[in-house]
């Protein structure tokens, strides 16, 4: 704890850019590394989820991502559940360069209502492809669409907002009772974002299978500018991992997965997230660089189209290769934007590890 | 305390950019947040004052700001009390791009004397509109115009300089005895800037209703370059808030408002100011972005037109919307420059608070 | 140790840019400084090796560097052992500006196999010039070419990879047993990179004559982005120097040389490396600025042409003078890129030292 | 003390940009501030010396600076003692934009020998104008020209090099015995640069009237790049001020002046230098901005023309006004480059001080 001034104390916190991983005295061969990630009843080939953002996940890319061995999450309040055919909408958006015009256009196109029939249709489309199905809703609308989602059938139900707490209080409406909501559902729930030990511990007590750490995609800086709120990811993950350990004890053995969700622009960031204690990473920016990405070179999160207080904007990213190349290489961009899976294997191997769970113990340093 | 070298020690201090607010385990609905700010006999809808700077406050914008529920302060030594019609002067200034020419032009136009009749007329104009009236004078000239101001009638008398102390000493003139001056006035006085515990405590003992924390608007960096003087705002507010607490005890219950005055360019900064202990914020830069702003896209403070030692310069800011949009949205710029009131409500709600006074206790962190 | 968060601790580490050397109360004349460096049976005029990178070391520049009194190392897996005449290949590469195209081109030209006959021929060419001979292999291929290298005869055998450990473990192939490998060789081995006390201590125990500290040339930043792995050089050297001291005790007197290998772009960095405890520096970037450099104004390391996960890219550097001018001046670029030997002498002299070994004790400071 | 790594410790040091001055609870009127600086037998109107650099001090500007109440120092190894008429040389230099060409040109024009007759003539010229006379020599050549300087008569003899120690050791020539040299001279000696407590204490023991703190003008960054040597100024001054205090005790009352010499680009830096313990400041960059400056918009120090290892280069600075305006205003550039004397008065007054010696005690803070 340090003193900000005579009446205020604070802890010092760290982001991914502040830290680095240190190799041990042993090295391994990358091919020996096992990245398999098991959460609830399912096992994935690598601990990377694709984030529920319209610029990254369409039914088609969610299916493609699933076929590659990962878990893609579709935003059930995005354009795919508001429009029969959102492709022209996405194309219109992609043609706008001016950020203010883009914000206004997003506010306009997302004003179109979410349709239950489309929620159902999109989930069926993914289910029919034979890959794991996951859809996300905001805490505000989770109850509204829960029965449709349940009926359509999902493997994971994701509740994702800028900040989600287990104790939302409102004088004007009955808020979601997360604990009861999760208890009543048949499927495992992943919920977030959160960024502190206390908030995470309370989310774990709701019965969630996993908690998302972070305040959502690339909007971190904007959230700081608009709300003053930020918790850099390295510290946030290390705090939430402590909550996982304490809840494991308190619950007599329930292991809640810690999923990093934010500031994961490069493969090195994914490695750092695990080094800080994450079990998996929910990635968006690197996927926005794939040629198949619905954003067509643009990337945005749900904060970007808030009708009165947007807290993020579209960002432009160069398309560097196919989705398969982004995930498995070969890379031609030596900056951590391609071959995420190969890079993660190499990170573990360089440090002498073969299992993700062990790699959570790797030494990290803070660069002055 | 750290050692600068063998003969000098120092404390480490923090600005708004160094800190961030951390959500608690609870969240609230923004509509439940109550931003009302009561100081002396008046209650405002939100804890934001508009700064007495010619680029922001004219009689017209002070009236508009008051009608929105806030407190606008007119600079009684600015162009509006030096010229019958300052609009052509402002237009001339707006046409100059070169910073050196702009400084010379400002030195020239502000050389025109302040006229008592205009001081009276401007205050009457605001009073007649039925909104709270506040005018500011520098400590050097407070005595000269005090009787005119008192006669015209104000709700708040603001004494504002780069650094204002309760113990100004001069060998050449009898300085203002702030304590006596404030005692003799019928209206509450807000006085500053100050930036340390000791300076603030002495200002509180003069009987001020509020103290301004900071060294004036956007001129912080320039003051540092020219004078070497600076106290980053987060630490300054946290120190002055400690003075408020100690003076509350010492005075047997007099609560002096701590008003952040500087480095408040984004809504997130206003939230951070309160998180550090401020009761309210005196804002200028975001208001300079309003279409109604008299600066017409330019922004400057009184330091910028000092005849021999200017310590600030005009800065260019894009106009982003009407004054109402800047204050209440809808925002189309996701960077904290629009919907200040909505953003502040959202900050409190995200962290589980509904009252400004409680939000002073929210956890903050320092980013490495 | 500091807390990243509740479940993760870290040490703070420092790079060359974070530190500076402090003069003592004594000064010396640069001409009195003795930079001679003795390792194993050979003594060099200055403690600077030339790095085994194709952009810097050809047989011709290795010979020139040796004639100047230093030790040049040829990469035995580079273009000179893949092509009878690599000059046209280098010229083709130099004509490509686009980084992605350059990466693809490098991946293509380095796909050509390493030929044992060329390994032999290149070493003979250097040997025939009468200068010390040193060739480098990656740990992966050290065994494959060891007998050819031994037969051709080298003064130093360099094993260099991004991270080399004494305990490489593989389930799929029998890894090099470094200890046995080094024991069986007739020539002294220099091995690295490593960056921690433990890793270095284990490398020293293999019987190496010297260890390379760092993760390879200018690719540090890229390794961080791609793998998340980084140890800033000042701390890495100071840790490995502690391993040298402890191993000296443990081994009853075997002095293993600590050779800085990375982030040495300026002469001041070489001085800092020694100040942190290095015995010598393996330099690349300053040599890439020589007119004779085979890279023709471009510079890259072996990480840049990895077939699936490149972790570095070609960088452009202005050619500032001849190789002799880069090493001995006169300098016309006051930025540490010319007259490396003169600058190092001046550094020692300014601080009152005349021997490299003593200069390891010079005081350093950390700039806030 | 902090650990760089297991075998190296370091102190943390601070530059002017890291610190800021904090006002006290009292303010004063700038007109009450007394900046008079008495060193040895002379009293100057303000504690600012003009640095012996050809871009700043010619006989004419030294005279002008003296008439303004300050102390100008002429470099006795500069162009004015190498050429009968250096003006065409300066004009030629001013026409060169390319930095490498400029370095080569400086190496060429400074290769012309220093002439004793010109040393004498230049000093006479200043003497004849009726202002205090000060000339500087490097420690290497102090003995060579000492008798000429003594005969011509100076009020201050300045010995200035990148690093000057009281214990220079050379195997090849008999070095200057500073203590004897100073004892034999009739005039007070100011000597430096130095940057540490020990080095300064030893210089004080030679009998110097003042010590220069720093490594010379604007070349700090270049010295760091080339030699790895740097001590940020705030810490250096605070350490040397401790040596002044300890030497005062040890010597039974000899007060040696601490003169900041480096990184003083803005008036705020001069204030910070005093706040850290300096008695005076030797300024160059702000003076290079005067219309009368011989450098004609360019600025360089003696490090820039070293024949084999230049450690500085010419820098371009905009001319902002006459020398009188730079020193006394009115300022039209609100960045600390004009009205140095007015700004320093305002700094003291803002913090409630009227004497330079007292201002050494003002509180400073470190910005995170």
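Labels A, B, C and D are assigned to the chains in the order they are written; within every chain, residues are numbered from 1.
FYI, a residue touches a chain if its C-beta (ideal position, glycine included) is under 8 Å from a C-beta of that chain, and two chains touch if they have at least 3 such contacts.
All figures in this text were calculated on a predicted structure; none of them were measured in a lab.
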| item | value |
| --- | --- |
| Partner chains shared by chain B and chain D (touch criterion as defined above) | none |
| Farthest chain relative to chain C (centres taken as mean CA coordinates) | B |
| Centroid distance [mean C-alpha coordinates] between chain C and chain B, Å | 56 |
| Gap in Å, rounded to a whole number, between the CA centres of chain D and chain C | 40 |
| Touching two or more other chains - residues of chain B | 11-14, 235, 366 |
| Overall pattern in which the protein chains touch one another (line/ring/star/complete/other) | ring |
| Pairs of chains in contact (touch as defined earlier), listed by label | A-B, A-C, B-D, C-D |
| Chain D residues touching chain C - in the complex, by the definition given at the top | 2-8, 10-15, 18, 99-100, 103-104, 107, 162-173, 175, 194-196, 198-199, 201-202, 219, 222, 224-232, 235, 303-304, 307-313, 366 |
| Residues of chain B defined as touching chain A within the complex | 11-14, 16, 19-29, 31-32, 197, 234-243, 245, 266-272, 275-277, 320, 329-336, 339, 342-343, 346-347, 350-352, 363-368 |
